[in-house]
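What follows is a set of structures for review.
Note that subunit A is present in both complexes that follow, paired respectively with subunit B and with subunit C.
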Partner chain A sequence: MINVYSQLQMQAQKALGGLCLDPQNASSGPFVLGNGDFFIEIPAAYGCSFSDLTLTGANGTALPNAAELIDKGIEIGVESRMCNAIKVASYYLEAGLVRKPDLIITSNSCCDAMDTLGNLINGYQPWVDVPKFKMDAPHSFDEASYKYMGRQLRQAVAFMEDVFGKKMDWDRLREVCVLSNKQAQLLLEFQELKKAVPCPANPDFSRLGFAYDRWTGERVSPQITEWLEQLVSATEARVKAKQGIEGIDEKVRFLWQDLAGSWPPGLLWGRLQKELGAVCIMDYMSYGTLTPIELSSEEAMFTSFGKRFLLEDPMNRQALHTTDLFCDDILGIVKDFKCDAVVMPAHIAHRDTNSRLKIVRDMCRAKGIPCLVLGIDIWDKRHMTPDVAFDRMKTFFQSTGLI
Partner chain B sequence: MKSGLRSEVFEKLSRIAGAISSPEVMEWKKKGGKVIGYTCSFVPEELFVAAGMLPFRIRATGSQDAGKADDYFEAANVCSLIRHTFGKILSGEYDFIDGAVIGGGCDGGRHILDNWEKSPAKIPFLERIFIPHASNELTAGYFHDQLARLKARMEEHFGIKIGDDKLRDAIRLCNEIRGLQRELYAFRISDNPPITGAETVAAIVAGSSMPKQEYRDDLKKLIGELKAVVVPEKKYTARVMIVGPGHDDASLCDIVESLGGLVVADLTCFGGKVMFGSVKEDGADPLQAIADYQVLIRPFCPKNLGAHPSINKELFAKIKEFKVGGVIGQIFLCCDTWGGEIHILGKEFRAAGVPLLRIERECTSDSTGQLQTRVQAFIETISGGAL
Partner chain C sequence: MTLFDAYIRKVSEYVEEMRAQGRSVKVLSTPALLEGLPVKIGPGANPGVILREDTYAELGNPEAGSCAFALFTDKPGLIPDGRITLIGPDIKEAAGQSLPFGQVLMMGGAGLDDKNLEELQQPGFIGDQIEGYMVRSSSQSVWSRVSKDAAAKGFDFTSLGRALMALYRSGNGNIQAMEAVFVTSGRDDIKRLDDIAAQVRKINKELVRQAWKLRGYDIDCASDCSSCGDKAVCDEIKEVLKEQQARSPQPD
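Take a look at the complex of A and B:
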């Protein structure tokens, strides 16, 4: 288990970090840059690399010089209360640190700050000659919206074909989708295993696994499938043996309804586990609701791409849609994963979450679920250190009788 | 500085713009008319006019306290315009409206709907409409489909039929009003206009707060009066343009104009953006014509990916036409989209030698003193001397 985790962690962090910053890291084929999520199966099948500048900015906040990078982001003059991941990404862009892409694909998913980063990328003068494709992610999740999103993704393929003068290999795309479906299934199996009491796997597994799977552009790699299989297999063994996380006496199971902080997981979640037996069972980046990509026809395939993009991508799911969906997910997770409490980190600059706190609090109160709103900056520990967050969560667990 | 404008019709428009409800709206209601509130300038008024309703742009004018809205929207992380607008809703100031349509233009704005639904401020008809964030035929088609859905919901709820003829009539009326607003706006091209920036804001904002036909007639009358008035010679120290969100109240204009400057133009959500261009009147599908107007013709919002070139073009055209000496780039705290846009514009203004004052503030006039100091310094800079 430890080896699987270490391998997955190393590979994920290598792949997640700095792809577009490093000009030497020019993997084969053209380089496509986005301001956020794209549908990774498409560039993977097309044979080009894709990088998400928001993710690169978020990764920057985990670096030792994160505070300096955030401050440089502030200094360039975007809105002062904007998300710090976007500030760092904006700094990387405007300082000329990002490798010039061959194509830019931007969308408004999943928040205004990412939308703004899209506009900064699209308006960046040194890249004025780079072809640009813009996608519109609607704030709705119905069949018409999936089709609409699917049509735009189909147009993106046509645009790539025009720009690069090379046709999409549709058989290859289907192969990638088959692999993608397999990996999604493994992630869901792993997620299912985490419902066991005690929780068999460290919270970071699913987060890294999901991020790796969704974002690295290495979906075509059978390695990911193998590692996920190992992860599921090792976790199954622990569940059968009724073993919890190594060395942890699980007492409290909580949902962290936001992204994990960019600080090392041990600083907060690890300490909560070790000192209090409080285990983060789920966070929204780890919560998978994936349905298989439909392969029966090209239209069906792109419509299911649209659905995955709009509804099943964790960031889009929690941010683009209604508070009702957000609350239903919280209740569903609490019930299915047997959580004792909900922690709302309420990441500052996360406009959506900060527009829903009363509804979430009221709902939790009505359902008898202890709920804590932290008000933390998940990218900048100067705002609230993991130690302060630990103390507040400890007090919360104590005051609600959970420990 | 006031223009010295003495006009009954202007006083009426100013009164309507300075409050939420008005006797004009109440009179409309007394006659059995329905009022439909909406947020975001990309929600098309034409649909409500065609339904025989009074479209009322929901705003936060005059708010000094978001009140209970801060329970719903975390104050440090959500734009004050949203919080104060919702505060007005919670306080009952919008109880006179019969329904509302919330435009999904920005993250905070669209959550007004979710919070409204769960709040004690009940409203019988509450719908959302997503505003596309990219401009092309596909997105305009999607917006058309949303308008069609909204139209069907309105027809069902209110027991009405909104035919194409009514839509065309509404398009013509709204186009006529936009034309009149542009005419009013253009007075300030002159060095010595009969109307100031603050007065123009009031006259424009009133347009989304009263019966449309009455507004059209009032605007015609006001323009006639302004054409006839003999304007005493005045010397303004600086000609200023305001760019950014909101602008439903004239407090920033008042500051500029109290210091001897003149706000000659703007590109704001309640100002210059609302009167741009026209909806095609002779299209086969009037709903598509409305969708095309909002998505393809008028993409002046930084929420729109790729809107920047058109914002840039419009601003630089206005800078030239209105002889702008400096621009105030206004950002409401926590407004990510305008925060990015003002940053991009700042670089372009710098390159073009256009002075820019970038201010981050709340939508209320709480910090007027501080703002006044900064605006004064800016006006001194661009006018080349101490005031």
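Take a look at the complex of A and C:
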């Protein structure tokens, strides 16, 4: 019998599996391309396709020919230590494999690699005639920053309206936002259930839910709400029955303080769960801090868009702001979700995170939290193979007495 | 005088402002902190997750409005020990509802200083230590649930205040007096309280920055100095600033 989690996983994977070179969030309307997350409620309400080229590149690193695609990126001149998701995206672009967009919206967030890709897109000669809008994301998180970012998103909408000659349907945007708020509540509800010991369901459903909700053709749709409702209901039943993840004898709960990447969830986390009972409770993309979109006025709505964009988009939250916030999140997650250890994957391209490794290690030592720095490439398993990463983590859990 | 004394007064003024605006303001009686408390408190007192179907009332859902902060002073006389003020409806009046929630905890103790900031300012500090009361993960606010079982046992804001006071006092021996203010009267009232909180957060941020600086880190540049390639440039800028400061005329 196929259980509900397998069904949910298949449904989301099917939608995500369709994402490669075709526009993510495809629709019959015009095609907008960016170098990172735009505020997805906007294209969803406007009725245009939107693709985040970084995500396209990241998806490429999950393909069987990932190594070849990454090396092609180096061949066209992308610096060797640059993020491999960006290398693949740059190769797709330079090789003429990406559909020409009708409009380009880029921003300087959230990391140096994505900023570089944005510059590459904006300077790409064959697209010189494509209208471009560049948003400036402040590296701060306060009311003034949210207002500033919100105003830029508002200007981006005005720019779209000018370019496409079609006005935003504000009632439709409100409808999408109401749905988005409901979905955010359900994602947070599932997150809360992960506090139960043992963890009632594969915690990676948080990440899967987020990706399904934000990145696929079914973006912010009632199908997503239904998917999330099923996920939460099934998991509530398991919490009530005090059941853990099926077939897993949970012994260790750890925080993976980075993106999951293309190979660790399948080739590393699954094996850690099965063989060691070590469960990855949380990663960058899973950690939801979503607050509702305000609907009281247009300005309030866009300010809350700005807040979500700057502080609540997972990678922006972790990469764009202060070390203090980064460390606070680690301590908060460890305490709230009863994590036994912190794993810093130290993805080679995340220079922002890697500059904080010592401070995180010092903090964990002061708090008595076991901390491992791995040093992998989350998009390219040639840098450190899954077997080596597994052995290092196993040794770490053994030497700290967790298993 | 500690940095927060002025804000302790601002919270009192806020309570008076709410009273003047006709809100229901109750000063709840507090017998001994633990005697007759309807729920257990302490590590693991609420071991599980409170599910949606087991929830009697939700407090501080971001959609309803939420704000939480703590203030402390080295002058215990500024804090009326054990006083709990509730602005708005109590838990028993909120079956099945999601109430806006403001929580201000104020502590006084001769030994309290900036070093206590981290432990006293974390809204999630309570975690799982109150039976039938679950604090959800959320920064800068408290988003919590009260279980049906706890409500049936009589858990209310007096119980919550007493439990919080007992837990904070057992966690920090320097607390000599403690007061709690809870607000459930409306989103706008929470917003008004958040105006005070925003100022408090600025002070906290500066205190945290100073604390990290003492440990050799500048958290504002989002990098660890010991592994930063720009350290030499940064050090040079600091030297120049120091020299400029030394050259500038000193006030009389």
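To be clear about the criterion, the second predicted complex is superposed on the first by the 372 of 403 C-alpha atoms of A that agree within 3 Å, B and C clash if a C-alpha of one lies under 4 Å from a C-alpha of the other, contacts with A are read in each partner's own complex, and residues count from 1 in each chain.
As a working rule, a contact is a pair of C-beta atoms (placed from the backbone, for glycine too) under 8 Å apart; a residue touches a chain by one contact, two chains touch by 3 or more.
Since we're looking at a predicted model, the values are computed, not measured.
When the two complexes are overlaid on subunit A, subunit B and subunit C occupy overlapping space and clash.
Legend: residue contacts after superposition of the two complexes on their common chain; A:P292 is shown touching subunit C, with no touch to subunit B.
Contacts of A:R356 after superposition on the shared chain: both subunit B and subunit C are touched. In the superposed model, A:Q191 makes contact with subunit C only, not with subunit B. Applying the stated contact rule after C-alpha superposition, one finds that A:K335 touches subunit C and leaves subunit B untouched. Within the superposed three-chain model, A:E161 lies out of touch with both subunit B and subunit C [touch as defined at top]. With both structures placed on the common chain, the touch criterion links A:G77 to subunit B but leaves subunit C unconnected. Once the two complexes are laid over each other on the shared chain, residue contacts for A:E143 go to subunit C alone; subunit B is not touched.
A count of residues in subunit A touched by subunit B and by subunit C gives the higher number to B.
In the superposed model, A:T322 makes contact with both subunit B and subunit C. In the superposition on chain A, A:K240 makes contact with subunit C only, while subunit B stays out of contact range.
Clashing C-alpha atoms between subunit B and subunit C turn up only in stretch 110-118, chosen from 2-10, 110-118, 290-298 or 362-370, once the structures are aligned on chain A. Common to the subunit B-facing and subunit C-facing surfaces of subunit A are residues 139, 322-324, 352, 354-359, 362.
Taken in their complex, subunit A has these residues touching subunit B: 76-83, 86, 90, 106-108, 111-113, 115-120, 122-123, 132, 134-140, 144, 148, 151-152, 155, 319, 322-324, 346, 348-352, 354-359, 362, 375.
For subunit C in complex with subunit A, the residues that touch the partner chain are 48-49, 51-53, 61-63, 124, 127, 136-139, 198, 205, 208-209, 212, 215, 217, 219-220, 222-224, 226-228.
Within the complex, the subunit B residues that touch subunit A are 71-74, 76-79, 82, 104, 106-108, 110-111, 114-115, 118, 128, 130, 132-134, 136, 138-139, 142, 145, 302-303, 305-308, 331, 333-341, 343-344, 346, 358, 360. Note for the complex: subunit A touches subunit C at residues 139, 143, 181, 185, 188-189, 191-193, 195-196, 236, 239-240, 289, 291-292, 321-324, 326, 328, 332-333, 335-337, 352, 354-359, 362.
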